[in-house]
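Each of the two complexes below includes chain A, the first together with chain B, the second together with chain C.
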Partner chain A sequence: MIKRSFLYQLIFKRTGTMVLTAVLGGIILETAIDNISEAIFFKYNKGKLWDDIKHNYVKDV
Partner chain B sequence: MFLVNFKQFVEQKRTIIFSNFSVLFLCTADFFLIMAVVRKLGNIKLLKCRPSFISLQVCHFSNGAGTRWNIKKSMYTTIGLAVGGASALLYALEQSVKAYDWPLHPPAYNWSHSGVLDAYDHASIRRGFYVYKNVCSACHSLDFIPFRRLIDVAFTEDEMREIAAEFQVCIQDGPNEDGEMFMRPGKVSDYIPPPYPNEEAAAAANNGAVPPDLSLIVLGREGNEDYIFSMLNGYTDADDIPAGVEISEGAHYNPYFTGSVIAMAPPLYNNVIEYDDGTPATRSQLTKDVVTFLSWCSQPEMEKRKLWLIKFLILIDTSGHP
Partner chain C sequence: MNFVQKTTNLNKVLKGTSYVSSYPLTPSLLVIQEKQFPLDNAKYYLNVNSLYSALPSGTGIFRAVQGVTVKAQYRYVHTDVDLPSYKNLRRTSTIEPTIPAKETNEKRKAFTYLSTVGTLMCGTLAAKFGIVKVVKYLDWNQDVAALGTSEINIGTIPEGKSITFKTPVEIDAVRTVPIESLRDPQSDESRCKKKEWLVCLGVCTHLGCVPLHNKGENVGGFFCPCHGSHYDASGRVTNGPAPQNLEIPSYFFKDENTIVVG
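== the complex of A and B ==
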C-alpha cells in the first residue's frame, strides 16, 4: 500500500511539505534544465557566439 | 499594388508558419515516441490500468449509442477529407501561380545560422554592421535597431559608445531647463539615425525610388537571406543586359529583383571597406556579412528561440506520460 510508504509519510501527507517540495522541485528542475540546455547550445555553437570572440575586443584594464 | 503586397505578406507568413510547423511536428513526433516507449514499458505496475477501469470503458462504449457513434465518425472522416482535399487544392493552385513570376529564383545557401540549433556567427554580425555603417547607411535607414542592442552581441559597451557618438555627431534633443532645444552627440540609447528626414527627401535623392528600411527586410522578401545575397551580387554588366530591355538613367539590370530593373546602384565592391579583424573584404564576403547582420536585425531573438527548443524537448522528454 502506498499509504505507508516512506515518501507519503515524509512529503505527501501534509499540504505544507507537499507545496514546499513542489516549489523546490520546480526551482531545481528549472535550474537543471536551463544549465543542461545552455551547455548543449554553447557546445554546439562553440566559436560563433559573442562569449567566444569577446576577448578580442575587451580592453583589459 | 495591394495584391502584390498581399501576396508578399502571405508568402512571408507562409514561410514563418511552415517553419513553426516543422518545429511543432518535431515536438509532437518526439512526444509520441516517448509515449510509445512508455507504453512498451507497460509492465511497470504503476502504469498498468486496473481491470475495473478497462471494463468501465468498455461499458461506456457499448451502451446502445453505437450507431450514433458510427454516424458521427463517418461525418468527421468526410469533413476531414473535404478540408484536407480543399487545402491541398488551394496549395497546388497557389504554387502554379508562380509560373508567371519571372524574376530569377535565388539558390539556397547554407548560412552559418540556418540549422535548427545554429546560432549566428557573431564575428560576421560585427563585420556586417561595419558594412551597413560605411555603405548602406548612406541611403537605407535601420529604424528599429537602437545602438544598445548590439552591445554584447557584436560590440562591447565602450566600442558602442564611440560608434554612436561618431555615427551622428549632432542630434537634436531637449528641451533643457530654459525650454530650448540643443544639439548633442549620439548615445547608445538612440536608435540608429536615418539618412533622410522623410520619404520625399529619400526619393528625391535616389531618382524617385525610396530605399526601404532594412530592419525587417530579410523576413520581408521571399527567399529571405538567399534573395538579399543573390540580389546584391546579381548585377549584370552593361554589355550583358538582354536585348530589348530598356534601362533608364540611374537604373540597373538585376535579374533577381522583381521587374529586373532596380534603382539601387551596385553598392558593394572588393575592398570597399577594410575589416578590423583582418578578414579579406571581397565582395561576396562583404555581402555575406551584411546579410548575416540584417538577418540578426530581423530576428534578434532567434538564438533564444533555438535555446528554448532544447529546453522544451528536454522538458517533454522528462515529463513524458501516456
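== the complex of A and C ==
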C-alpha cells in the first residue's frame, strides 16, 4: 500500500504533477482496459476464433 | 456614564452572561446553576433594583435590566444539557483540537485528491475517444483510401522518355542551382527521394493547366502553355505567374522498380 503522505507530497500538492499524473494514468488505464477486455474476449471465445479453426479451411499454414 | 444612559450598550455587555428583560418581573423561582433560590411571592419586584436586591449577593452572574430600548428577552441557563459531541462524525486526524490543520493536510486531502485524479483519468480517456471519433469521421473511408494508392512499375519506362525520369545532366542542373534564387525555395534533395526520379502532380500551381515536359527555358523542365510558367527538371518554378513549385504527392519506393503513390 502506497503511503498517503507520499502521494500527497509528491503528486497532489502541485496542480501540474496532478494533471500529469491524470494524463499518464489515463494512458495506462486505456492500455489496461484494452488488454484486459481483449484477454477476456479471447478466453470466452476460445475455440471459435479464426486462429483456432484456421486449419480446417487453409491447407498450407 | 454612557453605559447607564444608553442601556443598549449595557445590554450588549450583559447578554453573554445575564438574564435581560424589559419587563418588571415577578419570578417565583430563579434557577442558577442547579441551586434554587425561592423568592417571596408577596413582594413585587417592579424594577431592576428590587429584583436585584432579591438575588443572592456575590454570585455575579445574574442581572436584570429594565428600560424602553432594552430588547425583551429571556435567557435561561441550560447547564444541565450536555453539549453534543460530533466526534464520531469527524475524521480521526481532526479529533485532537490542538493539532494545526497544516499538519493534517495529507491525511485529510489525499483521498479526496485521489478520487479527483481518478475522475480526471476517466475524463481524459473519454475526451480522447471523442476526439478520435470526430477525426475518424472526417478522415477518408478505408475503401476510398485503399483505392487512393497506385503502384507504378518504373522498370518499364525508358530513360529520357518519361516525364518523371531525369538524365544526369538534368540532375546536375537542378542540384547546382542556388536555392535562394528560386521563387519557392526548395532543394532538389527535399523534393526527390531518388535523384533520378521526380514524382510530382502535372498540374500548374497557377491556374491548374497541365504543363508540357521538355519545353520552356529549362533543360528537361516543364512549361505551362496557358500563362507561360516555367518549371525546371525538379518541378520548381523559375519564371512566369505560378506562385509555387509543382506539388509532390506522398509516395515511396516499394522496391527498385516500383513506386507506390498515394
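Definition applied: the second predicted complex is superposed on the first by the 49 of 61 C-alpha atoms of A that agree within 3 Å, B and C clash if a C-alpha of one lies under 4 Å from a C-alpha of the other, contacts with A are read in each partner's own complex, and residues count from 1 in each chain.
Simple rule for what comes next: contacts are C-beta pairs under 8 Å (C-beta built on N, C-alpha and C of every residue); 3 or more make two chains touch, one makes a residue touch a chain.
Since we're looking at a predicted model, the values are computed, not measured.
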In this superposed model, does chain C or chain B come into contact with more residues of chain A?
-> B
Report for A:23: first if it touches chain B alone, second if chain C alone, otherwise both or neither.
-> second
Check whether A:12 is in contact with chain B, with chain C, with both or with neither, and answer first, second, both or neither.
-> second
Partner chain(s) touched by A:34 [first = chain B, second = chain C, both, neither] = first
Footprint overlap on chain A, comparing chain B with chain C | 29
Touching residues (chain side chain C, partner chain A) in the complex = 105-107, 109-111, 113-114, 116-118, 120-125, 128
Chain A residues touching chain B in their complex are 29, 33-34, 36-38, 40-41, 44-45, 48-50, 52-54, 56-59
Chain C partner contacts - residues on chain A that touch it in the complex | 4-5, 7-9, 11-12, 18-19, 21-23, 25-26, 29-30
Which bits of chain B are touching chain A when the two form their complex?
-> 112, 117-123, 126, 152-156, 158-159, 277, 303, 306-307, 310-311, 314-315, 318
